[in-house]
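Chain IDs A, B, C and D follow the sequence of writing; residue 1 opens each chain.
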Amino acid sequence: MSDAQVVKLEFDPKNMPFRRLGLSGLRVPLFSLGGWLTLGGTVVGDPVKDIIKTAFDAGINMFDTAEAYAAGKSELEMGRVIKELGLRRTDLIITTKLFWGLRKGPNDGGLSRKHIIEGTQESLARLGLDYVDVIFAHRPDNTVPMEEVVRAFNYVIEKGWAFYWATSEWSAREIEEAYHVADKLGLIGPIAEQCQHNMFHRERPEQEYEPLYKKYGLGTTVWSPLASGLLTGKYNEGIPPNSRLATEPMFKSTVKSLQQDEGKEKIRKVRELTKLAHEELQTTPAALALAWLAKNPNTSTVILGATSPEQVTENLKALEVLPKLTDEILEKIERILGNKPAPPPTYGRPSLDRFGRL
Amino acid sequence: MSDAQVVKLEFDPKNMPFRRLGLSGLRVPLFSLGGWLTLGGTVVGDPVKDIIKTAFDAGINMFDTAEAYAAGKSELEMGRVIKELGLRRTDLIITTKLFWGLRKGPNDGGLSRKHIIEGTQESLARLGLDYVDVIFAHRPDNTVPMEEVVRAFNYVIEKGWAFYWATSEWSAREIEEAYHVADKLGLIGPIAEQCQHNMFHRERPEQEYEPLYKKYGLGTTVWSPLASGLLTGKYNEGIPPNSRLATEPMFKSTVKSLQQDEGKEKIRKVRELTKLAHEELQTTPAALALAWLAKNPNTSTVILGATSPEQVTENLKALEVLPKLTDEILEKIERILGNKPAPPPTYGRPSLDRFGRL
Amino acid sequence: MSDAQVVKLEFDPKNMPFRRLGLSGLRVPLFSLGGWLTLGGTVVGDPVKDIIKTAFDAGINMFDTAEAYAAGKSELEMGRVIKELGLRRTDLIITTKLFWGLRKGPNDGGLSRKHIIEGTQESLARLGLDYVDVIFAHRPDNTVPMEEVVRAFNYVIEKGWAFYWATSEWSAREIEEAYHVADKLGLIGPIAEQCQHNMFHRERPEQEYEPLYKKYGLGTTVWSPLASGLLTGKYNEGIPPNSRLATEPMFKSTVKSLQQDEGKEKIRKVRELTKLAHEELQTTPAALALAWLAKNPNTSTVILGATSPEQVTENLKALEVLPKLTDEILEKIERILGNKPAPPPTYGRPSLDRFGRL
Amino acid sequence: MSDAQVVKLEFDPKNMPFRRLGLSGLRVPLFSLGGWLTLGGTVVGDPVKDIIKTAFDAGINMFDTAEAYAAGKSELEMGRVIKELGLRRTDLIITTKLFWGLRKGPNDGGLSRKHIIEGTQESLARLGLDYVDVIFAHRPDNTVPMEEVVRAFNYVIEKGWAFYWATSEWSAREIEEAYHVADKLGLIGPIAEQCQHNMFHRERPEQEYEPLYKKYGLGTTVWSPLASGLLTGKYNEGIPPNSRLATEPMFKSTVKSLQQDEGKEKIRKVRELTKLAHEELQTTPAALALAWLAKNPNTSTVILGATSPEQVTENLKALEVLPKLTDEILEKIERILGNKPAPPPTYGRPSLDRFGRL
């Protein structure tokens, strides 16, 4: 694709379903695109443009990045491509995240007022944008009072640098505390949590956050939906020498864990899921794993990673799998996984159904 | 049944389903018993005891009355019977309502602080109880500031005279204002609305209150579930000379309306419902009409009226009908009624499903 | 009128009465001019300038538009004309409305923070203005938390993009909730409601909003004062083939309803009103209908539509009718209409007069 | 011991250390006595008196019970003995807990306002007391709004029925929410958490609650300090046929787990701890395990269970072990246990020491 082909795109959501991000008024596509590891990192230049254009044409108008992704290059690449593609800002949902600053000074990171305000401005500068739609606290910071964190994100919103703020990898207690502070001070609380969620990582999103979904309508933007690629089935017969797991140093511990009992057990399960996907759903295990997350009503959007336009298209097959996930199929998946988090205890008291009925 | 037969009853909810009253912690039986017109009015003495004992034995442990019912005699009779039956207070849910005081002075009624506090004490005295579980504002009073109303009901609760307060026949705006005031002042807001709801009276409970169910979890305690008996089918062939409608002066306008086009149309519909009840559900139109209300997830409890123990038992047949109300049957009922309130408008904007999905 | 004729006009309200918009400090002319359907739609170019100049010269200095009117062209035309006429900004009251965005994306409309902020900026760009006087939520959006809506309109005001915000076609409960949130968070609440009000559409403005007028001094900016032209009497003898009703597809259902019993009854009433206007007031039925709205103390301004300067002048005859609307005449109108909404019920309690007297 | 021997005891705390219960002003003995399973259950009559007198004489003036313990008999026995021993109320700290009511009705339990208020009154009646010092929510109840729970416990305190309220087995998020609501409404929040804590149950008290200790000074009253007796070493050579574990049906799953790999591993560790206790500290493993809990600065009091006066005396040997728990010994214990919960993550950010220093 040459620059000559670039036109002012009209956003057409096509068959992409949209959900509200938490209780907010923002409507996000069920699948979004994330820059983690790939955009600006292992992928740079024209391929980034191809990936983003392919995603946008397929109804993915939400792009997630972070100051820390590829040490700022993810934001730079994403900003450059949006400009070159001539995409309208109002058609897009751009999100970024603050926590690990690019430099190593003691104040160059975390959630201090200093870093939130300075970091947001630097992120916007790299993106070449006046504002992002959502700004995330990339991790909790227990060395900063929650009041300082909430006040700083409110400052960012009141400055017009973001419309909403959200959390990532915070505990339920920490999110509760953020609501506490926001509510008490009449400030804006977080609308969503960017959490790791996949078939092998379920406890926090499916159990710990449960009361937050019910009480505050917390939304989730899911990362690592394929468990670092494990759920694609590509490690079913061992770790290929040129795969990300084999080559990226940060996955060393993942590789090691796959060679232990627990890891072998996971691969055994992925083989069974692969069989289920092929035989009963005529699809790939990756599409099945993505659709399974999308089926969860608490999921607002599943963030896809991609190193090529083909991978985007491939992953979006999950949309075709979604309607095939009958109660029967879901039951079979649970039987293979055997790791469904227990529902909240009722301590012997008669529990109620979702209508509050005994 | 003689006094000799009275024993200290152990409450056994049997097959009675319970629901939370709104979002509160109070669990109310799906069917409760109300004293309007009957208990202390057309029914007095031992028959009241028989009715209440029959209800209690069937799992109905919630009894609703009001200062205005039979000019205070409903409370007197109910209080007397509870004592004589030796029912444990903790096993019971007793509710009363304030608005129309027993005397005619300018301050003897309405929702002034004076009447709420004086009236509650008088109701408790008639009931012979230290507290009721829920006290209702029997009607809105637009001549009293909402702040005065909310403060007075909070006073009643803090005094230990009631555990909760609720409204009856308030508009959605009025209930919203009560939440507004309670929220702003850190006071307790209402948990439920005692509303008229039946197959011929649907707009307010099914449309106007819809946002209150969603936003604040408002519960409902439904009155007039059988539309003054119309839905029992007993007027299908005309108004019998000795029926309540024929004899009670307060129903004069009801009788008149039944003789006009709109009323005739209603009776035609009841005939069709009767046919549906008999032929497809092997039940009575009354049981069908009651089960139809109980099926609604926003209904907390349906208040039954009864002039005999047999009528209680008869009405509870609705519990057997409940599981038979399939989507298909519900669809048939809607086709007969033809009065389903429109859902809230979306003004051409893509609407969302119950998970907030487009 | 050529550009040469354009002079810097001094605003001279002449005989135009002004009223406060709700309890706000803004004083609006009793009659204002709206762009719906006409300006930028059926009327473009110089005629728009003629209409606006005529209105302005007659004391109408308030012009109402919306992002959705003629898909943005209404704002463009109005902005262009104001500039070309060289009107002083301080002499003008310009209002616009947000809800239906011009594009079709899932975030391109409604009352999310994203659309309110992005939409306001786009409206101002089309108008060529730094700010509007009042920005309206063109409809309620029940998929956005009220807190988000109120915060976003406050942001718009704090940015200097509008002086006030208001609602349009919101239910009393929704307006109450907006006050609730604004009051709780110490933010600015809406000052007025742009509601449909005319002799055949009375329940919401004359009954449902009644407590909002009394409690919060809600103002109204009335649209469709002539019931799509019905009250001009021009359909008294049938729908002329070249009239708006006959030609605009959006009025198809209106036309149909006029051919049914209810519609015929309305036309019968308009004929009687026409007679009353001609014989007792020596005016047109349109002027009578407009004056009748202006007479209502809860009306802040009546928004006129016009396709020609003459129509503006014609409609302003209502100002002459206003003093002729004696109690006797108003009584006659009520007798013809027979649709006066019932006052709020007192439930048998002695009601109070408007000074709070029994 | 006969009634004749009963004298009005003066409380003499001797060598018992006292700690504040959380940040409250209440000072609790480092070891307290609990009625769970024993008092009123497996132990009744005079032995209860002997146990309580022995404890009191040894400086234990805090006695913990619950409505559910021995179905109300624990409260009855404790109340009777306190009266018979003629203990001064002011010398005592009496705590009870609400959640599992004695009857089976839908409102007979949980944390509804109804049960908290009715249940407290019934507990006080059984105890024969006007008030307890602390009333605990024995479990969380996610079917009751936190606002209702906090308001009801505040009501109990304002009525004079308790001086403080606290939680038991609540998640950090739930406790956080309770502080949230209390703070927002200006009400009294919980001061402590009665949590299971012992060498084999560490994650919640040592990790999950960590921020609550730091932020709100949460206190703990520790139950099951000896892991159902496992840490006494009495199961080192297998489960004796007449032990509680062998005979109580509620411990069936515990027994089973001890026979599996994880359980065998635990017993292996207890054997090592026994060796450490005997050889290096000249004490019992039980005293070591209790002292280890008492050493933890977040522990307010360790609740002992006892079936005989001797067991009380035996357990209090922990007080002698306490000063012997040097950093070196604690390190050895950690090496044996190998289950120290990880400190909160810092996500690569430089962490701070306890004085907030880098």
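Definition applied: a contact is a pair of C-beta atoms (placed from the backbone, for glycine too) under 8 Å apart; a residue touches a chain by one contact, two chains touch by 3 or more.
In UniProt terms, the chains line up like this: A, B, C, D = Voltage-gated potassium channel subunit beta.
It should be emphasised that the depicted structure is a prediction, and the values quoted were computed from it without experimental measurement.
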Could the interface between the copies chain B and chain D be described as same, meaning over half of its residue numbers are common to both, or is it different? different
Please tell me the distance, in whole Å, between the geometric centres of chain B and chain C computed from their C-alpha atoms. 41
Can you check how far apart chain A and chain C are, centre to centre, with Cα atoms defining each centre and the answer in Å? 45
Rounded Å distance, chain C centre to chain D centre (Cα mean): 68
Pull out every residue in chain A that's touching 2 or more other chains. 18, 20, 23, 27, 350, 352, 356, 358
Which word fits the touch map of the chains here: line, ring, star, complete or other? other
Touching pairs among all chains present in the structure: A-B, A-C, A-D, B-C, B-D
Looking at the complex, which residues from chain A come into contact with chain D? 99-100, 106, 109-110, 139, 141-143, 171-177, 179-180, 183-184, 208, 211-212, 215, 344, 347-352, 356, 358
Interfacial residue positions of chain A with respect to chain C in the complex: 10-13, 18, 20, 23-27, 29, 61, 88-91, 93, 133, 158, 160, 163-164, 186, 188
Mind listing the chain D positions that touch chain B in their complex? 101, 103-108, 110-115, 117-118, 122, 141, 143-145, 148-149, 151, 155, 158-159, 184-186
With touch defined as at the start, can you tell me which chain B residues reach chain A in the complex? 17-20, 23, 27, 30, 217, 297, 350, 352, 355-358
